[in-house]
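Before anything else, here is the set of structures, which you'll find just below.
Each of the next two complexes has chain A plus one more chain, namely chain B in the first and chain C in the second.
Now for the complex of A and B:
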């Protein structure tokens, strides 16, 4: 009897917490497909607002996707060799470098953006280009990529595996391609999904760096909240969810998988 | 292939002399074991031969008449079996074995044929498509060996190939490895700290201590004619008869024995099988332990010297614990070795 009562209490608390978090979200999503929010759902359901969002903000959506892909490519190009180097030469210097790469995590996005603006804000061609935002995103997401790959690489005897491949005639590049990259794949995948998710959802930094012609998905969201009618803003939230939730779920799955290997 | 090492040494960055200048010659088809306790430099020597460590300037490594000293490991054409096997977890058994052939850029059909041949030789046919993680320790060991020999290396190097296995399996695989290595008909060097392993597999054993080869010879030579107190006690665990040497007489706590020659400046060693329990013996001691080992008993005896000594006893009348017994040590079986300076 006591057991079932405790369980009931646990269930109630959990469900209440879930409701507290989910109901506002659901309300917002619902508002995005309601003809008139003030009249309620009885006014009918429509995709008009979603289409409106598409017409107004398609550029932002594409820019965000483009930025996320570019950011992924850059973090891969920098992050994979960096993680490999750190894993291959453990020691105090590597630990220090790892901490250094992780520094942007501790610095608020706004401060990071301000620093970038102070340093490069006067380079007008750069300031107004999408690559300026890209630099911010790379700074912010690189530690996630490096750490994710490093965790997987550190869990295996990389040195001996490479020596094994070398004794079979593999050159350093062949070792990297045939042994290091395939075995680091779970970490690369987890890192890649994290980078894409973070890049698409990043607001702080991007809000400081953006120009009226370069708005990303979350910046557009803030813009729609500020200047559009509530139904459009809500429809925007819906679009945002549709893009980010599957990524988030994939990221959770990939990270859990990489962590299992790293243990 | 003949391997020839001349004055090859290795000093690590922190000044540790891992290997003193060493000469070593291994003839075509010979299987040589580097035997020694941990830290004696045997693995360093093997890694230098493989090309995984660079020797100090002055050392030269010859494969037949080729100077390979400056060649990196990937160009030396050596097969290597690692203690941890270092099998690639991202590849199947087949792909692991074929990797070295792929690096040689052989045609696909040739690779397939050679891999199948090696799988057959190592009795791995049933496991060809398996993932590495789905293999037992013994199977992994065989895959590691198969992968190393598949590209027909000039020299096969094995670093403690059996030490990752449990004791029972180790003994079975030891004999299997000895048979396989002879079947491959390849020049091979393998490192071990286990004298039984070295004796079972190798044609010739090089005993190492403190960064140098102290004696090299067939297992029988090392056992019967050790050249130092270290080799005598490390190979076949001979016991030191600590006592007072006076010409060709040795006075022990439990009596006196004759030495085969003048023992001045020497230390006397004896092996357990040469200590006999004999009621007319000149030595006396007390039975401490009796261990039944199936074919024989191992009897621990105190009072002969200050340390307990061991005798192998294969008779029927088992001595009792605490019993006072008499022993003989045959004069010719005593090893007289120069005492350490």
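Now for the complex of A and C:
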């Protein structure tokens, strides 16, 4: 008797939490395709708002996709060798370096953006270019890439594998290319999906770093929430959901897979 | 090329990037905080001037409320989902983790859809119920953000709890309340402290949600933003950023030492 009552209470809390998270999301999706949200769904459904969003914000959407790809390339170029270096040189210095590059996970994006602006804000060529936003995105996503690869590398016997290859005459570069990279693939995949998902949704840093000519998707969202009618803001959010939800699911799948391999 | 130089070469791009875009900018930020008219006294001003101390207190209170609410909701839901296998369980789990990828601005908008002037609550209730732009709206926004993050950490720990312990407690005559207090909560404690610290730190620094909702509420991220953009009080903006950054960094350090998880703060 007691047991079923507690279960009922637990179920109620779980369902309430689900409703709290899901209902506004569904409302936003619905509002984005409703002719007139104030009159309700009875006013009819339309794709007019989504098309409006496309006309108004296509540039922001493409900028975000472009930034995400650029961010992925840079985090791979910096993060993959770095993760290998950290895995081959475990010790307090590596721990310290890993801890340091993880600072952007803890320090609010607003503070990091202010720091970047203080140092580079006066370099107008850099300040107004898209690479300035890219630096912010790389700063924020790099620790995810490094940790994701490092977790996989740390779980395997890299030293023995490499010694085997070295005894057969493989150079450090050949070992990196033919042994480290293929073995790190699950971590690279999980890291890559995390980087892209986070970059597309990044707002805190980007809001401070962007210029009126360089608005990313989330910056455009904030813009539309402040100045557009509710239907357009919702339609834009809908576009964002369509982009981010599959990425999130792929990221969760890849991270779970990498974690299984790392164990 | 020897092995050692190759490994060091591998670390070079990371070193250069983090020096140029993390270490130096943070040093510059610190210098900017003490280069103002007041010098080092700017840090005293945070606790001396009513505007800043009130902001600090309000931010801590809202963040604490968020933390405890998120812990209560997520622990209950997390234990339920771990201990019961039923049809639709995965759907509930997906719904509860879906908002992980939502930026703070989007969550702010979702709260407006719930509690704004054209919001759901205002439509289905008599009278005029608009709470999106109040402290309650901000609290709900932070809660929305925290539930999935806390849930994942708690569920990971709950899966490692041995159900036999609870059964033993029950056969010894413990009522459900005692089982929760004496068996389940102590077992989950490290992950509860860890995810609580993450939720608290995230709420303290949440800018996106505050940006959409807190137009009239002074919380630290909004004050930093207005000091920087409107009042051009760079020193104060920098000082508040540094204090906020140190607080959230220490909290997340505690969280990681207890649970080993990495959950993105942001928001």
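Here is the rule we use: the second predicted complex is superposed on the first by the 250 of 263 C-alpha atoms of A that agree within 3 Å, B and C clash if a C-alpha of one lies under 4 Å from a C-alpha of the other, contacts with A are read in each partner's own complex, and residues count from 1 in each chain.
Definition applied: a residue touches a chain if its C-beta (ideal position, glycine included) is under 8 Å from a C-beta of that chain, and two chains touch if they have at least 3 such contacts.
Source: prediction; values computed, not measured.
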Problem - Partner with the higher number of touched chain A residues, chain C or chain B - result: C
Exercise for the section: Pick one for A:157: touches chain B only (first), chain C only (second), both, or neither. Expected result: first
Practice task
Using the touch definition from the top, say if A:32 reaches chain B (first), chain C (second), both or neither.
Solution key: neither
Practice task
Once the structures are superposed on A, label A:187 by its partner contacts, choosing first (chain B), second (chain C), both or neither.
Solution key: neither
Exercise for the section: Would you sort A:77 into first (chain B), second (chain C), both or neither based on which partner it touches? Expected result: second
Exercise for the section: Would you check which partner chain A:244 touches, where first means chain B only, second means chain C only, and both and neither mean what they say? Expected result: second
Handout entry: Touching partner for A:179 - first (chain B), second (chain C), both, neither
Key = first
Exercise for the section: In the overlay, answer first, second, both or neither for which of chain B and chain C A:168 touches. Expected result: first
Completion exercise
Dual-contact residues of chain A (chain B, chain C) 166, 171
Problem - For the chain A and chain B complex, residues of the former touching the latter - result: 156-157, 160-161, 163-171, 174, 178-179, 182-183, 185
Problem - Touching residues on chain C, where the partner in the complex is chain A - result: 1-3, 6-11, 13-15, 17-18, 21-26, 28-29, 32, 73-74, 76-77, 79-81, 84, 92, 95-106, 108-114, 118, 120, 140, 143-144, 147-148, 175-176, 201, 204-208, 211-212, 221, 224-225, 228, 234, 237-238, 241-242, 244-245, 248-249, 251-253, 262, 264-267
Handout entry: Of chain B, residues touching chain A in the complex
Key = 50, 52, 72-75, 77-80, 82, 84, 86-90, 99-100, 103-104, 147-148, 151, 157
Handout entry: Contact footprint of chain C on chain A as seen in their complex
Key = 2-3, 5-7, 9-11, 13-18, 20-25, 27-28, 31, 37-38, 77-79, 81-82, 84-86, 88-89, 97, 100-112, 114-116, 118-120, 135, 138-140, 142-144, 146-147, 166, 171-173, 176, 197-198, 201-204, 207, 218, 221-222, 225, 230, 233-234, 237, 240, 244-245, 247-248, 251-252
